[in-house]
Structures are given as structure tokens and as C-alpha cells.
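The same chain A turns up in both complexes below, where it pairs with chain B and then with chain C.
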Partner chain A sequence: MSNRRSDLRRTLTGLGFLLPNILGFLAFTLVPLAMSFFIAFTDWDILRHNIFREEPLRFVGFENFTWLFTHPEFWHYLGNTFFLMLGLPFAIAGSLGAALLLTRVSRRPAALRGAMVLATLVLIGSLWVLRAGGMAEAGVWFVFGLLGATMLVGGVLTGGTIYRTLFYLPHFTAGVATFVLWKKLYNPQTGPINFALAPVLDAVAAVVQAMPRVFSVGVPLLSGVLAVLLATWQARRLRRHWDDAAAGPGAVGLGAALLVLPAGFLLHWLGLRGWLATLAAAVLAAGFTLATVRRPRPWGPVCARDAGVSAEIALGLGLVPLLLVLAAAVAHGAGLPAAVADGIEPPNWLGDYAWAKPAIMLMALWAAIGSNNMILYLAGLSNIPPELYEAADMDGASPMQRFWHITWPQLAPVTFFIFVMGVIHGLQGGFEMARIMTLGGPAGSTTTLSYFIYIEGFETGRLGYASAAAWVLFALVFVLSLLNFRFGNRNAND
Partner chain B sequence: MKAFFAICTLGLTLGSALLYWSLPGKQTEVPVIWWITQDDHYKQEIVTVFREWLRDQGLPDVDLRIDNTNQDATKKLVQGVSGVGADLMDLYGFQIDLFPATGMMLDVTEEARQLGFSPEHTYPALRDEIVQNGRQYSFPRNTGSALFWVNRGTFRRLGVPFPPYRWSTDEFEELGKKFVAAANPPGTRQRAYFVNGVSRDVMRRGLGLSTFNETGTFCTLGDERNVAVLARVRKWVVEDRLMPTREEDAAMAADISGAGSMFSHFDSGRFGMIYTGHWAFIMIRPRGTFELAAAEGPQDGFPNTEMGGGAVGVYAGSKHREHAVRFLQYLGSEHFNRLIVRQADSLPPVPHYATTDEFLRPAGKENEWPVHQAFARATAETGITLSKSPFVLQSVVYRLEMEIYESMLAGRLTPAEAAALMADRINAEIQLTVRRDPALRALYEERLEVQRRIEEKRARGERVPEAWISEAFHRAYYRAQGWLEEEKP
Partner chain C sequence: MTDPANQIQRSGPGLHTVMVVLSLLMVGPFVWMVLTSFKSFTEAADPAWMPGAFRWENYPEVFRVIPFLRFAANSLVVAGWVTLLQVFTSALAAYSFSRLEWPGRDRIFFLYLGTMMLPGLVMLIPTFQLMVRFGMVDTYLGLILPAAFSAFGTFLLRQFMLGIPRALDEAAEIDGASKWRIFWDVILPLSRPGLITLAIFTFMGNYHSFFWPLVMMKTVEKFPLPVGLMFFDSERGQATHLLMAGVTMSVVPLIIIFIFLQRQLIRGIQIGAVKG
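Moving on, here comes the complex of A and B:
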């Protein structure tokens, strides 16, 4: 009896401690969540449904969703959201690179010391030369130089600590402050980025104008050769992985399909009709896939049908943009000398439709490199057993082999976690940047789904419609997370 | 642990109680009312003079406090419809329509009539701004037409002729090209612009076109005249580079939502002209003495200027309605109007004070005289308020028009495609509103019928009764063309 009373008391005490949190969760999360689901099926409009105008709410079924899906704005902003997420692999690579660098600094400060001092001297010397050459009157180079020198010299004196602090600094800084700072940096006329770019672009333009034949013929030719080499490498890689049972039919099909987009664009730019060009490229990819998957494996091993799919997705995120750039160089390279006849203008970063998204991605990359992702990678790196590296050293593995065969697989769970969180944040993100830097412009090019929801909900006042958009966003996050767990966590669990 | 938890709870409770008792309203016997506006010395002076005015009128004292943290339109809206709005709110642009439509602004029609701040006490053109569906919800605080401010010193330095007060689009373009060529030496990157922007509405209205038809039931931006305006503006922005894009302009400022960097660029000569209201004096005066002039926006045909500014309304949920309404009365008083004349923060809301020497020719500020006179003239003669329709929010119209316009500037749409798309998208929004709001649906049906009758009369070459036309521009245009059957007083 006494025990039972004591248990009850303990339970009540525990609940008492938890109550504030539970109440907060109910009031600020669960109830609003349930309400937003309900609102998504009503015509709730702030104009007509508030404490001053209590018109009855009308149940509109799926009308909000229908309006959303037939609304061109929604697809435009969804496209923007996905486009901005293309920076995710680069952000992950950046975080990993930063973590690797910081680990190396803290592990081997003595080895780096000489290089750092040398780099500092070279940097300061270059700045002096540039200034003497009249390329940086305003002293912006000095600012960059001082920053670089501080980082390098500080690194020499304190090991990795100052680097870790500096790299993590963007994460400490308030978002609004960094957005305002980047807006200043991107200023097309007075911003330091264009200030630094202008003489470089002038020099490039001068070189192109001086050697028009080299650029009109050489650049397309070189790009074409590189593109063919890359495509061939990918095809050979797929064949090898098929033979080694590292890739199933899904991975081979996806790997081949990755080549379709750049090939389609190339053929389109060369004058074929867009859909015809893409169709031709798709037929080629399908043919290659069939030829590969019908190929008997030398030793007859078997593997899952979707084996290797995640690797192809990761590779594709780097390969496809690269191939697209090369395809563009092949198609348009010949016109390069004429295009730069009047010089090359630095980009109007936030004001140009074509540059606004890349500018925001660049800023996001800067912020992501030193974010929590880097901390997670640092933790992941410290958990890799040193015996693995020692064994690799004894086997004579090169640094690259150590990375690909030890570090990368050992970090797979961390990478998977970062990727999943990155996708979720990517789909939900972009609001602050759009609100502060561009107001979603120019021409809606930086309006993301989250900013669209805000506009519809609180500027237009259509809470029902905004809630429907929010639940569509939730569905997207849910489906993409499911796909990630389905295809992305194989290596992570190995 | 339990003791710690109890102490925390007690501490928080005590802290909350202290906070509550330290609220301004608890510290004084005088009622405290809050006014959402900018917190600068101009507004502080308005508050001081308000209390003097109350004393002079023998009215009870009020502690009027400025709330500058909730100026964002979204904040005002969300707080207002949730029941926690400030007693007085500055209303700008689309807020003047939107907020009363939600029911959150107090209907002050009767008080305005009794206390002397009804629409008859301000500019006739502002009637559409402060009155919705026959009821008054606000009174203007700062008003006037927007014009180009001309920095004559910059023109003189560059050897470019001064702009005239009224000019066609061709004249504007010709002078603009001269300015840009003179201000940006050959072989250098462009750093100076003729102007920070032009009003597409003014250009459209110059051709006899508005955003909406006479009854606000249909967006007319698909018209050929809008195509011509868009093509011309595109040429000015993209080819002639007479003005920056909105983003280029905004990129120069730290805060995109503010007035941007236009005043510093006006000062330095990077903008030969800036397009804004009379209120800009409060920004320009501290920068020194300029040789100033003013000019209308370029237009071909019907002379017009964009009239607007800000009004102040009383929150319907205010606990001090009576005191808050007194502030609106104060806006129509001599105390306030003379103060505004002295501050030059826009034109005074009562037109009489804009005709005084004190306003038109302030002593010791001779360089400003042409500008004061130009603004007074434009506001009285050619000022027309924003085109609007009760069936679509102005904020939606602005966003759609701007986004499509920018797509055109980016080369993604031709001017013809942009014009058609603007009309399609705005008309789709109208249809959505009408489908969902039964009250507006009835009004829409009624107005469709009126529109049909207007078109029949126009087809027969007959005059149209003034009461049939609910859109501000069309009323002014019809009157100027002699198509209006004026109401008998």
C-alpha cells in the first residue's frame, strides 16, 4: 500500500515537472498543427473570419489544394525551392572538407606550420603586388589580406582552435546580420565582390579578345573532349560496377539517365528541337542500360535490384552540373570572343534573374560549411578507429585511398543524417533570405515555398490556402525523407 | 530539485506580476494610448503638440505613446485581427483598404461629422482613400502627389538641360539618354542613373488606361496601351539604362524595405532625379541646401500624378476609443496643419494650409519654393489615388504586377505576354474572391450590371452618371473628357 502510494506520488511529481513542457507542446505545436490541417479544408480568410467579422467558416473540400496545383506561382516557387537545394551536396562536401582540414591541423600542427607561414607571406606579397599594380585602390584587398593573414597566422599560433572558431562563426551570427552583410557584399556597384571581380574579368576579356581563335575553337573543342571523357568514364564505371555486383539495374539506369540531361541540352543548343533532342538522348541511355543489364556477370554474383542507387544520386549531383557547363561551352563557346567584345560585366548578383538563385546558394554554402554539419563531421572523424588508418598505412595506401576506403565509409551514418536534415531544412528554408535580401525577387526567382506560405497567410490573409500549401510542403518533406530512408541509408547501416 | 523548481515558479510568477505593474498604463492616472508609427523627432513633436492642443481645447490629457516596433503591415494585421492592436495605426497604401475590410478599424463617420474631420475637410481626391462603402475609417496625416525631385545642381554640373515640369515620354527619354551619357564617361561602368524609377500607373493613365475598369470588376492591363507602356519602360531599364531595376536599387541599401539609398544617391549625383512624395524634405533638408525643382512623371496625353500618403485610423478594439478619435480630430486642426507645414513632412491634410505663404514660400528656404509650389499644384490639380477594386487586395495586385514586370525585364516574357498575363492573373484572383465571399459576390453582380450600362452609354456617346463610376482614375478621366454626368449638389 505504502509502495503504491509512493509510486503514485513519484508519477505525479514527474508529471508536475513535465507539465509545463507538455502544456507548451499542446498549446504551441499539437493544437496549431491539428488546426492547420482543419483550416486547409476551409475558406478561412483573415478578412472575413476574425474577431471583428465572424462569418461562418465554409468547408471547401480540396478546393485549396486544387487552386494550389493549378496555380502557376506554386510550381514556380516549388521549382525555386528545389533549385536552391541543389547546393546541398556542395554544402555537405564543404563541411566535410572543413572538418578534414581542421582535424589535420589539430593532428599535425608542426607539419603545417611552415606551409602556413609561407602561405601568409605569399598572400601578403600578392596583395602588395596587386596594390602596386594599381588594381586595388580602395584597400578592399587589404581587408581580405588581413583576414587571410589573421586566419593563417592564428592557425600557426593556436593550432586548430582559432580555425574551428572562425569556421563556426557564421553559425553564431544572427541570420539577419549575415544576410544584410551579404547584401552589401553583393552590391553590384560598390560591393567588394564585384570590386574584386571587375579587374579579373577585364583581364579575361582582354585575353579572349587577344586570342579569339584559341577561345572560339579551343574552348569548345577542349570542353567536348572533356565531356566525352567524363561520359565514357561514367559508362565504364557503370559497367565495372555491374560486373562487380556493386550496382543493380536501378543504379545502371539512373547512372545512364544522368547523361541524358546534358546530352539533351547540348543537342537542343546545337539546334535540334528540345523534346526531340531529349528523346534521342533518352533512347541512347536506355539502349546503354539494356546492353549493360543483359551483360552476364563474369562470376555470376547477385545483388539487390536497387543496389548503388544512392551512390548514383550523390555522383549525379556533381556530374550533371559539370557536364551541363561543358555542354554549354561546346554549344556556345564559338561565340565567346564576340560576347566579350565590350568587356565582361561582373554579375548583378541579387538583381539579375539568372544570378539571384546562385548568389543565394553561394551564401548558403558559406553558412553551411561552418555549421553544425562540420561539428558532426568532426565528431564522426574522431570516432574512426585509428587502427584502420594504421593498417592502411602498413598496406601502403595513398591519402586518397585512405579517404575513399576508410574515412568516407566510416562517415556514412553522419553523411546520411546530414543529408536527411539538409533536405528537410532545404524544403522548409529560404524564408529569411527572401524576406531580407530580395523580397522574393527578381520576378519571384528567390521566392521559396516557405516564403510563399507566409505571403499567402499573412499578407494576403488566406489562411486556408496557406495551410494547404504548408501541408503540401509537409507531404513533400515526408515523401523525400521516406525515399532517403529507403535508398540512402544502406551504407549508413553497414 | 523540487525546491529549486518551486523557487523558479515563484520567481517567474513574481517577475510577471512586477512586469504587469510596471506597464505604462499602471504607472499613471492619465489614459495611455499607443500609436504605431515611426519613432523620430517629427512624430515626437506631433505628440507634444497633440497634448498642447488637448489642453487648449479643454479636453482631458492623454499619454500618447509611439510604438515603432510593430510598423510592419503583417504585424499590424495579425495583431489587429487577433484583438491586440494598437489604439492608433498609421495606414499606408493597401492597408487603407485592407484593414477596414477586416473590421478591425473603427467606423468614425459620425464622430468625423461632429468633430470636423470628415472627408470634406481634406482633398476631394482622398475621399476614396478614407471612405469605404460610404463609411469613414481614417483621416490623412501625410498626403500629396508623388513627383520627380530634380537636383538641378547635378544637371548643371553635367551640362544637361533641366527637366520641364510636364513632359512626354519621348522628351523624358531624350533627356535621360543625355544625362546618362554625360554622367557615365565612355569606357567606365555605369554608376549614375537619370532617375530611380518611373510610375507605370502614371504612364498608363496618361494613355487613358487604368488597372481596372470603371467598376473594378475587371483588370484591364491586357490592353494594348499597357503593352506600349511596358515596352517603353523595358527599353528605359534594359537598353537605355536610364534607371536601375528594383533589385539593383534595393541592393544598394542595407534594408530593402526602407527608403533605400535614394537620398544619398540623389545627394551625390548618382540619381539625377528621385520619384517620391513631398515628405522627402525631412530626409533632404538635413543633407544641405540643394538647388531643387520638381517634375511630373512622363506621360502622353492625360496629365495625372499619383496621389497617396498615409492616414491614421482608430483600432476597433481600442479601450480608449474616445481619446483615440480625438487624435483624428487633431489631424484636422490648425495646430497639426501648421506643424506639418513647418516640418514639411508631406502636404498638410487640410488643403487650405497648402496655399499659405508659410507652406509655399518658407522664409530662408528659397531653394525649396519651386518644389513646394509644384507639389501643391500637382496635388490640387492632377492628383489621383491608387486604382483599386474591392474584389482583389491591392497587395496581391502589386505583387503580381511587379513579378510579371520583372519577368519581362529579365527577358522571360515579351511586353505583350506580360500585359496579358497581368490581366489573366489579377482577373483569376477577382474570380476567386467573388466565388468565396457571398457579400462581395452580390456586389460584383451588381457592378457587372452597372458596367454593362456604362458601356452601353459610352457606345451611344452619352454621358455617364458619376455615381456609377467607382474607380478613382476613371472618374477623373471621364470628367476631363466631358463624359461625366456630374451629380447635382
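Moving on, here comes the complex of A and C:
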């Protein structure tokens, strides 16, 4: 009896400390959640149902949802959301790359003298440029020279800490201020990006025009070879995962589908030129067969624990845009000299239907490389047992092998965490960029689900549609998280 | 760190050059921002980076055109209150979840953690409707209250508190201290690094917040900085040089905070995610 009373007492004390959170949870999570579910099935429109006109709400069943699903705009916005999420693999690669570079930088007093000499040379050089070009023309080179020299000396002195600080800076300040800043950077007439890009593109156009034959044959050929190499490499990896039982049929199937997708696009783009399409398909098929039939050389004891599946999915997703670009180069490369006959115009970035999304992804990448993800990778890298690398060195492993057989699989849990968080975040993302940089345009090309919900909920005032869309989003987040947790964190050993 | 033998080989001038170039890419947009903030109105439409002459008067101009100090004060007050409340409520909950023993504790903890997965967008519209009902639209309270509770903060502080030795609570308990006394006098002081980390995160997140103030605030005098700055980039007028001066003034304090607190922050990120 006294035991039960003390149990009760302890529970009450425990809940007492939770009280503020419980109240907050009720008021700002549970009640809104229930209301949102309710609103999604009504025809609540702020123009008809407000405090001035108390028209009764009508239950409309699934009407809001059918309206959403039958409207092409909704699918367009959903597609935009997923398109922007394609930046995630690159952000992961960037963070990992930055972390790898940072761990290589060590504190070496001996390097200081060299850095000082180099920094002095850079400074003298930029001062000379300043004197020759004048403040207005060349001042910026002086500014960058000064900054670069300071960074170099600081980087050597602090053993790389200053680089980490500077990499993290864009993420730390990311918000309305930096989005406004990038909007100005992207301005096609007055922004610095196109200002810097124009001479580069002119030079490229001149080179292409000078040697049209080389480019019309070389570009498709080189892209084709690169694409086949990449695809083969990934196919072999998939095959190895299958053999090691590191991945189930679902993951391997998905990986293979991600490889075939660009091939399909290639055939579509090649369209009319039948013989070339057949040739490309034959080469691809041969590559796949070669890559998967011959079992890749098993490599050392360290590959026993293999990469988690979600890390593999991130990798496969990252290959798709790369392969697509290469496939486009194969399909259209022959026409390159004709296309640049009048020079290359720099893109209109945020004002162009096709470029607006890549522009936003590029900015997001800038902010994401040095983000929390990089910090997590740094921690993950320092947790890898050095013995693994020592064993690999004894087997004479190349740096690439060291990375793909030790670093990448060992970091799989971190990659998994980053991937899941990135997916949850990405599905809800894009509001601020759309609101500040593009207002969702041009022609809705940067309107994501979250911006759509904002527009419906707060500008047109159709709360029913907005809530229904929010619940579709909820379902997506839920299903994707569930899939991730079910399949994403599997390792060969556990 | 991974491999001493290769490290010395690779930490040469080439590596440092790569790092400096990458750092310059990261800093480049900020350089452009600062340089543009010194331009004149006509120069701001010119793609060249350098201003003809550094116009320091752009900065006082910002204060004349928009109530910049008022906006900044709004941001600081709201973010400050949110930080204070959220750290306090999270510490309370974290204490209960990490140091107190009671039946069903861990089940409730994981349920609470699960709410982190709920997309905030789902709650957005009803929360706004609730705010309308409670008359909290266009009030600071309406900005502060919904942000005063956080499952993430609870989780982060719980991870910190789990690392504090048990013997300390037990000693205090033998001395006859109440649970509240133990929380206030023993655990809170010992969780200071965690509290500071959470405080930085919360403050930053709310200093940047744009969505919620945008829909909640109607009176211009109550706008926080991110919403207020948009006056320089609206349909009515574009003043890029003033906008950049305002953005510079809103970003520079962040950079200073960051440089001083980065060690704390990085530790906090690693404890919050890797050990969890």
C-alpha cells in the first residue's frame, strides 16, 4: 500500500515538473492538430465564415482532398518541393567533403613561416593590382587579397579552426537577411554573379566557336563515357551490396531504377536519331551486364560492415541529376557550336522558369555545406577507430578505397540522421525563399507545398484547402520517416 | 585526426590554398553586402563591387527611413523572452525525464519526442485561429507563447543532465533537500553548458523568425527586424544600398555572437545528435 502511494507521489512530482510543457503541448500542438484535421473536412473560407458573417461551416467530406488531387497546380507544387529536395545529396556531399578537408588541416608551427611569406606575397600582389587598376576597378581584388592573406595566416595558426568558423558562418546567419542578399546577388542586370559570369561565358563561347568540330563530337563522346563509367561504378556497388546481403531487393531495385531513369531520359532526348539511341542503349546495357555479371573483387576484411541503406539512397539520388546532365550533354552536345554562335547569355536566375529552382538550390547549398551537418560529420570522423585505416594501409588501399570501404560505411549512422532530418525539413521547406526571393514565381516554378499552404491559408483565405494540403504534407512526412526508420538504418552487421 | 601518417603529408600549402578559396566563397556574399551598403542609390544599380566613395551616411539614413532600432528591439525582446521561457520549461521537463524516477516516464518521453516529427505547417492555421479567438494577434505575447515550449530543447537538456553523476542528487537528498531544491541548486548550475547551447539555438531561431511574425503582426511599430527589413525591398520601392546597410547591421551582431560562442555551440550540436 505504501509502495503504491509513493509511486503515485513520484508520478505526481514527475508530472509536476512537466506541467508547463504539458499545457504548452495541449494548447499549441494537440488542439491545433485536432482543429486542423477538422478544418480539412470543412469548406471554411475566410471570406464567407468570419466574425462578421457567422455563416455555419459545412462538412464537405473529402472534397478538399479531391480538389487538391484533381488540380494540376497542386502536383506542380508537390513536384517543386521534391525537386528542391534533390539538393540534399549535394549538401550532404558538400558537408562531408568540408569535414574531410578540415580533419586534414593540422597545427604545424613549421608551416607558419611559409604561410607568412605567401600571405605577404598575396598582399603585395593585390596592392600592386590596386595601384595599377585604381580603387573603383581593382579595389575588390585588394579586399579579397587582404581577406585571403588573413585567413591563410589565421588558418595555419589555429590549425584550421578559422576555416570551420567561416564555413559555418552562412548557416548561422541564414535567414531573411541572407535570402534578401542572394536575391540581389542573382539580379541579372545589377548583381555581381552575372557580372562575373559574362566574361567567362564569352570566353567559353569563343573557344567553342574556334573549334566547332572538337566540341560537337568531343562533348557528347566524353559525357557519354563519363555517364557510362558513373553508372557502371554505381551498378557494381549495388551488385556488391546484393552479394554481401547489405541491402534488400527494395533498396537495390530503387538504386537500379535511379540508374535507369537517366537512361530513359537520354533515349527520350535522342528521340529522332534512332541508330544513336540504339547504340547508347546497347552500350549502357553492355556496361551494366559487364559490371554486374563479373563479381567485383572482394576487398579486405573492413568492408564487412557496409553502408546503411539511406546513405546509399542519398548517393543514388545524387547521381540522378549528374547522370541527367551528362545525358543531356550526350543528346544535345552535337548542336553545341550552333547554339553558341551568338555567344552565351548568362542565365536570368530567379526570373527564369528553368533556372529559378537551381538558383535557390545553389543558395541553399552555400548555406548548407558548413552547417550542423558538417559539425556532425566532424564528430563522426573523429569516432572512426584508427585501426581500420591502419589495416587498410597494410593492405595497400588507395585513398578512394579507404573512403568507400571505411569512411563512408562508418559514417552511415550520421548520414542516416542527416538524411532523415533533411527529408523532414525539405518537405516543409521553401517558404522563406519563395516569399522573399521569387513570390513563388516565375509561373509557380518555386512555389513549394509550404508556400502554397501559406497562400491558401493567409492570402486567399481558403482554410479548408490549406488544411487539407497540410495533412497531405503530414502524411508524406510520416510515410517517408517511417520508410527511413524501417529500411534506412540497416547495416550488414546488425 | 583520422590518420596521423597521412595528415602531415596532406596538410601542405595546397590544402591551405583550397581552404582559403572555399572560405572566400563562403564570405564573398558578405563582402558584397558590406561594400554595397556604402554605395549611393545610383551606384547600387551598377554591378561593379566597389563603391565610388564610401558613403557612411547610408547607415544613419537607415534609421531615418525605417524605425530600425524599434524593429531590432522588438526582435531582441521577443527572442529574449522566448529563449528565457523555453530554456526554463525545457530544463524542468528534462529534469523530470532524466533525474526523477516515475512509472511511465520513458514512454511519455518518447511520445513527446515524437511530436518533433509533426510538421509545424499542420498546426499553423489553427494556431493562428486560436490566436484570433484569444485576441493575441498583433501582440508580443502571441509571438512568445507558442514558441515557449520545445521538445527539441527538452531532448537536448535531457542528454546533458543524463551525464551528471547520480551521487550528487543522492547526497542532496540525504541532506533533506526537496526535488525542487535539487533541481534549482544542484542540477541547473551543473547543466550550464547545455543551457547556454539551447539558449543560443533558441535565440538564433527566433531572431530569424519570419513566417509567424509576418502573419501575426499588423502594426508596423511591432514588426521584428526580418519583417521590417522588407520595407527596403517591396513593390513600392527598392533601395538596395539601404537594404544592405540594414542587413549588415542585423547580421554583424550574429557574427560577433557566433565567434564568441562557437565552441559551446559545436559541443551542443554534437551532444544533441550523436549521443542521442
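Heads up, the rule we're going with is that the second predicted complex is superposed on the first by the 336 of 494 C-alpha atoms of A that agree within 3 Å, B and C clash if a C-alpha of one lies under 4 Å from a C-alpha of the other, contacts with A are read in each partner's own complex, and residues count from 1 in each chain.
Throughout what follows, a contact is a pair of C-beta atoms (placed from the backbone, for glycine too) under 8 Å apart; a residue touches a chain by one contact, two chains touch by 3 or more.
It should be emphasised that the depicted structure is a prediction, and the values quoted were computed from it without experimental measurement.
When the two complexes are superposed, the chain touching more residues of chain A, out of chain B and chain C, is C. In the superposed model, A:T13 lies in contact with both chain B and chain C. In the superposition on chain A, contact is made by A:L47 with chain B only, not with chain C. Judged by the touch definition given at the top, the superposed model places A:W349 against chain B, while chain C stays out of reach. Shared-chain residue A:F25: touches chain C; no touch with chain B.
By the touch criterion stated above, A:D395 is placed in contact with neither chain B nor chain C.
In the superposed model, A:G441 makes contact with chain B only, not with chain C. In the superposition on chain A, A:K184 makes contact with both chain B and chain C.
When both complexes are overlaid on chain A, the residue A:F458 reaches chain B and chain C alike. When the two complexes are laid over each other on chain A, chain A has residues 13, 16-17, 180, 183-184, 189-191, 436, 458 in contact with both chain B and chain C. For chain B in complex with chain A, the touching residues are 2, 5, 73-74, 77-78, 81-83, 98, 101-104, 189, 191, 244-248, 250-252, 254-257, 316-317, 393, 395-396, 399, 402-404, 406-407, 409-412, 432, 436-437. The residues of chain C lying in touch with chain A in their complex are 1-8, 10-13, 15-33, 35-36, 44-50, 52, 88-90, 92-93, 95-96, 100-105, 108, 112, 115, 117-130, 145-146, 148-149, 154, 179, 183, 204, 207-208, 210-211, 214-215, 226-227, 229-230, 233, 240, 243-244, 247, 250-251, 254-255, 258-259, 262, 266, 269-270, 273-274. Against chain C, the residues of chain A that register as touching in their complex are 7, 10-11, 13-21, 24-25, 27-29, 31-33, 35-36, 39, 98, 101-106, 108, 111, 114-115, 118, 135-137, 139-140, 143-144, 147-148, 151-152, 155-156, 160, 162-163, 165-170, 172-178, 180-185, 189-192, 194-195, 366, 369-370, 372, 375-376, 379-384, 386, 389, 393, 407, 414, 417, 424, 427-428, 431-432, 435-436, 449-450, 453-454, 457-458, 463, 466-467, 470-471, 473-474, 477-478, 481. Of all the residues in chain A, the ones that touch chain B in their complex are 13, 16-17, 43, 45-48, 50-53, 58, 60, 67, 180, 183-184, 186-191, 198, 345, 348-354, 356, 436-445, 455, 458-461.
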